[in-house]
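Down below are the structures I want you to see.
Across the two complexes that follow, chain A remains constant while its partner is chain B and subsequently chain C.
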Partner chain A sequence: MTAVEELEQTPVRHGLLRYAATKVGGALLSIAMVIVATFFLFRLLPGDPVRALAQGRNMTPEQLDLERARLGLDKSIPEQFLHFVGRTLRFDLGVSYEYKRPVLDLIGERIGATLLLTGTALVIAVSFGLWQGARAGWKPGSRFDKVSTAISLVLWSVPTFWLGLLLLMVFAAGIGPIPGIFPTRGSSSVDKPDGLAGVLDVAQHMVLPCLTLVAVVYAQYLLVMRSSVIDEVGQDYVTTARAKGLRDDDIRRKHAVPNALLPTVTLVFMRIGFVVGGAVTVEAIFSWPGLGQLFYEAIRVPDFTLMQGTFLLITVSVILMNTLADVVYHVLDPRVRSA
Partner chain B sequence: MRKLLAVLAALCLLAAVPGTAMAADPAPKKVIKIGVTQSVDSMNPFLAVRLVTGSIQRMIYGFLTVPDSKTLQPSPDLAESWTTSPDGLTWTFKIRQAKWSDGQPITADDAAWTFNKMMTDDGAKTGNGPAVENFQSVTANGQELTIKLKAPQASMLDNPVPIMPKHVWEKVKDISKYEAEVYPTVGSGPYVAVEHKKDQFVRLEANPDYWRGRPKIDELQIIFYDNPAASIVGLKKGDIDLIGRLNPPDFESLKGDDNIVQWNTQGRRATYLQINHGATTSDDKPIGDGHPALKDPKVRTALHYAIDKQKLVDEVQGGLAKPADGSIIPPLYKDFFWEAGGAEKVTFDLAKANKILDDAGYKKGPDGVRTMPDGSRKLQFRFSIHTDTPIEDKLAEYLTGWYKEIGITLTTKRLDSSKFTEETGTTALFDIAISGWSVNPDPEEVLGTHLCSRRPGADGKGGGTESFYCDPSYESLYLEQQKELDRGKRAETIKKMEERLYTDAPVIALYYPNDLEGYRKDRIASITPIPEDKGLLYGGSGYWPFYTLEAVSKDGASVDEGGSNGGVIAGVAGGVVVLALAGFFVLRRRSSSAADERE
Partner chain C sequence: MSNVTWVRRRRAIGRFWADFRTHPSGVVGLVILAVAVVLALVAPLFIDSSVTNVVSGTGAKMAPPSLDDPLGTDESGRSVLLMIWWGSRTSLLIGFLAALLSMVIGTVLGIAAGHFRGWIGAVILRVTDWFLVLPSLVTALVLAAILGGSTATIIVAIGVTSWPSTARLIRAQTLAVEARPYIERSWALGAGHWHITTRHVLPNVAPLLLASTTLEVASAIVTESTLAFLGVSANKTSWGTMLRGSYDWGAATAGAWWYILLPGLCIVTVVMAFTLCGRALESVLNPRLRTRAHA
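Moving on, here comes the complex of A and B:
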């Protein structure tokens, strides 16, 4: 590396740091706003949580007061707010009304199952979607393009709940000649074996929920990749590569696709943020013991602290991943730096 | 890409295999799997409030008494016998000589500790607090437990508190934060909990030392489904053996399956209309925005005459209910059920409803809608129901039709459940609302929901009323039944309370929904409902159904294995197909790249 080159690189590094700092500052500000909004947003929800807890049970007024005091709802709103902010900054998400346990513990118990399911689904959806998108975009209008784009769009438009139930009825229950080889619920069998068999047991439970998640989302990767590759097809460097006599597949894989990947980076990072939130619907259909299910239960009660906790976790992870995407993009695409 | 495909294919193939591993389990345990659509909130009985948790507590802990399997009357459980002082204030229970599942003897001290904990520690009141509210003191002497009450209480023998082993639980520092996830649990019921996977299942094993004798099966699994539709699929497939608390459509979908018994008996629930007859707070100040016409008992009676309950049962509940000619206690509870007869009985009669309203001065306007006698307001009522409940939507349609015939406009107002609870239970922003309650063998709880003291306080908070009712004669009857220790006499008083609710109509009972369940007869050989005559399986009182449960032996098990083998074969076949497809892709790519090279 010559001295001239070094000189040229320094401002770029410096610029990246400053850029990253700005983005992180922005993210922190967003998080602060989310914390404030969370508190008031959930207070706007209708219904007295204590009364809801007592629904269908005979509780005396004294006992209701006791519950109210236990949940800290007997204090004034400003007091509750200060308490909430102080607690949150200490990473204490409070105690769930319904489960009577720290929200952080409840989240900790379920986040593994959610990450496993949505993480796997994300990896499959991204690789499958990008692969199909790249091939479809390389020869737009071809049969492969028409068929794969059409299928992905149909699946994209199908309601998750409907598709999940359909898969459940066909592949878990079995219809006609199709045997029901997959379980109807949960993330593992009650008599889950140890070791490798245990891993396989979980894998078997994961097939249908994972398939549902992949089917309804992979279209977005396919479409973004497809249009991005179409842009690249007409570029001069592709023509040059062809003129050099490179194989068509090599041009696509080694030249066009890497360039076309850029716009998908933001998309993928956005989705990583949502991975934490899980998939409420899919978890509900397949009784998957994850965060989505917890959030759904929290809304039904309503369990303020639990809702606040899960909501904060989901929003913060989305914000963080967004920030990361901005920074990574900055590194990957020099054009953003000058902007 | 090739690698990825290969890995995917391998995963698919492997994922189908575990069936073999499970089918090859050498010990043929008798296992019954119960599906539930509610997850366990806490394994700590001092904190748990959900129905599913209550059912599990019944299976792993003893109580003072348990409803008799035939009559539903209180019968001995951990309390062998009991006596009451003449003033009804002192109850003495003789605790059975039996053992906890860890071998320690059960004494009255365990019961005394349990009750005293709840009386002195606010953190232990969450689960069953009201049950000890009337307790003055609880003391133990050997096997003798003495409970002194503040006021006489006939429902003492329906005490819902599980008796906990003192030697295990006294070590817990803060009950309100204790998860009780220690297995096996130490209990005194027919089963011992051995495993709990949150939001997934609870595994119970037969308690070999249970004082009534060991259950006939080895293991009972309570398996959680988040989605009722999936649980039906699970039952049909055999992933679970029994599921209770079905709604009519799910119940109907079990029809035609030879292996499934459709269990359709009388239920423990009553469905009724709650009428805002001038809601007030507990200091008698008006609250809410109820229509003034509903304060008039004549209007409420007319509303009652304009309901065709049989039609509702047939059309709304698919025939799976019993029209209500009584009040809030369903006929399942024979001793306490009251049914209207003679002139008092209200039957569907639109002409009579119209006449009552005409006579009371509610004149019909040119548009056919009646107005108040002083002409101030039209008889336009809101009907509050829950969102996303097709059954309630249908009910609203029928009511609207009939009420139109008597010159009353009914508009449907759909609310999500917490808003609904608030408007119909605290702020009284309703005219007519759908309501209902699941009744226990001792009906004191449901009767209590119509007391003056249950109305919300002046600050608009608290309460627990199901009707905003406050009626002197109802109040005095309530106090009377509370003191009456003679079951027959007490039942007479309770029936008078039901009669009062029927004629004064702060609530109008519509029907008693049936108990709808389904179980697999290729797995469950026999199960005794509670009560034994046409009773409930899951969700009934006590532990009888799951204590008496008998599994289909050997033969059934071999059929089961054949089933999973079929699954495995199919799984392997599926895997092979996936592998073949992957191979095809790879080969095709090879040949296409070869073609590229030639160009």
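Moving on, here comes the complex of A and C:
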């Protein structure tokens, strides 16, 4: 490495480190804010959590007091706050009222199913949405573009849960001449076979929830990719490529799309919170045994410890994903890096 | 207000309308909205809340559409058509008020973040970004579950979780407006913070605000129906609670398509109308998107 190159290299690397440090610091601050907000939010609760716990069970006042002391509810608010923060930092999310088991264990059992479902849906939605968005944005105003925009507008207006209900009605229950070909609930049959047949069983259960989630999130990927390709179409390098006599498809695939991809993919990860909301709804409808359904059950019961634990986990993961996207974008895009 | 200003305003409105009319989809959206709002407003002249009463159902239970009940009946023999009509009042009311709340929070914080450059602006921006990252549906669900699902708390839950994008938009516009020379002139003439923000910044961001409120109502209606469907809303009839009822009863597996299809179609139609309107407004009002120049 020559001296000149070194000179050019060093500030960049420093810039990146400083940038990453700022972003991680920001994320930690956000997480701290989430923990504080969660504490006060869940203390707004009307009524006494111990009484809710004792509902339908015979408990003497002494037992109630004992339970209150066990949960730390007899202490002052600042003491409770410190207690809560300490426990949360040690990943102790408390014990669920409903399941009588640690919230963290419940989350551990469910998280795999959620990752499987949202991961698959994201891969499909991103690849399909980006492909269609790139084609639509390349020729704005063409028939393909108009149809794509119309589809995404409709999907944008359709509530996730309603789409799920429709799919459930048509493809799981069957209507008229259409037989019900997919299961209505769960992630596997009761008598789940082993090996390949077991994988196929899970896949068959996943079709409808996955389809619903894809339909809802893919529209916005399409629109984002479309507008970012439209931004590229007018650029000089595209004109140059045309002047060189390259085929239109080649210009799109090899020149315009890679440039448009970067901001789009970042936006995709920035909006992961939206996908999480969709996942909660979809898991609730199809009884997919994931984190979203756990959260939904916590709301239905209501089981406030479980709700608090899942809420913390979901928000913190979303914050971390955002930060990651931010830093990766910075690493990948030289334009942002030099700025 | 002087006569000259009036004439100028009226001309501006005329110009705006002429522009808006060039967007056929926006006009279609506006017409649908007008019809929906009028229907919701006149509903009490024809029916009352008894159509949502479980014991007052007159038809057969879960009957498909017929001459008596054009859109069929639900599990208690209530007419789906009348429930949709009555439920539109709750759905639209929550949509409008939640969007309004979100706009007020977003505008106040957005203008403040753009106007006060020092630490006040920085803190507001930080809080805005924090809210922007939070998964809004999940947060709204928790809020509604904790505060109890009355109409007012649903409005608060939606409003409190949806304002950050407005705040960012308004902040950017405030920065742009305050960079103009006439603001400096105003400062020089002794104007205070209140005068600058309310007399100069607010009128300049108002058009943008109109467009984004319209879009916000659309997403507030979707959020309301989702919250109601997930069961955090108390039992006031809305399109979302109807769909909740259909799910609880198992209408999907029983093939009661009318009970699922129709409330959902209402949501989609109204939401799409708001979206079309909002997009048309945006392209008329947002100078960046405007293609034709106006003197």
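Going forward, the second predicted complex is superposed on the first by the 291 of 339 C-alpha atoms of A that agree within 3 Å, B and C clash if a C-alpha of one lies under 4 Å from a C-alpha of the other, contacts with A are read in each partner's own complex, and residues count from 1 in each chain.
Going forward, a contact is a pair of C-beta atoms (placed from the backbone, for glycine too) under 8 Å apart; a residue touches a chain by one contact, two chains touch by 3 or more.
Worth saying up front: this structure is predicted, and the values here are computed from it rather than measured.
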| item | value |
| --- | --- |
| Partner chain(s) touched by A:R110 [first = chain B, second = chain C, both, neither] | first |
| Contacts of A:T315 with chain B and chain C, given as first, second, both or neither | second |
| Partner chain(s) touched by A:P159 [first = chain B, second = chain C, both, neither] | second |
| Chain B versus chain C as contact partner of A:R101, first or second or both or neither | first |
| Contacts of A:D249 with chain B and chain C, given as first, second, both or neither | first |
| Partner chain(s) touched by A:M169 [first = chain B, second = chain C, both, neither] | both |
| First, second, both or neither for A:A284, with chain B first and chain C second | both |
| First (chain B), second (chain C), both or neither touched by A:T184 | both |
| Touched partner set for A:L44, first chain B, second chain C, both or neither | second |
| Which partner, chain B or chain C, touches more chain A residues | B |
| Overlapping contact positions on chain A, where the chain C interface meets the chain B interface | 45-46, 165, 168-169, 172-174, 184, 284-285, 296, 300, 302 |
| In the complex, chain A residues that touch chain B | 45-68, 70, 98-101, 109-110, 124, 127, 131, 165, 168-169, 172-174, 179-181, 183-191, 193, 197, 200-201, 203-204, 206-207, 247-249, 283-289, 293-294, 296-297, 300-302 |
| Residue numbers on chain B that touch chain A, as the complex places them | 1, 4, 8, 11-12, 14-19, 21-22, 25, 33, 39, 41-42, 47, 49, 122-123, 125-126, 129-130, 133, 176-177, 179, 197-201, 203, 221, 223-227, 229-231, 233-234, 236-237, 239, 282, 416-419, 421-422, 425-426, 437-438, 445-446, 448-449, 453-454, 457, 461-464, 566-568, 570-571, 574, 592-593, 596-597 |
| Partner chain A, residues of chain C touching it in the complex | 126, 130, 133-139, 141-143, 145-148, 218, 222, 225-226, 229-232, 243, 246-247, 251-255, 257, 260-261, 264, 267-268, 271-272, 275-276 |
| Contacting residues of chain A [partner chain C, same complex] | 29-30, 33-34, 41-42, 44-46, 153-154, 156-162, 165-166, 168-169, 172-175, 184, 273-274, 276-278, 280-281, 284-285, 295-296, 299-300, 302, 304, 307, 311, 314-315, 318-319, 322 |
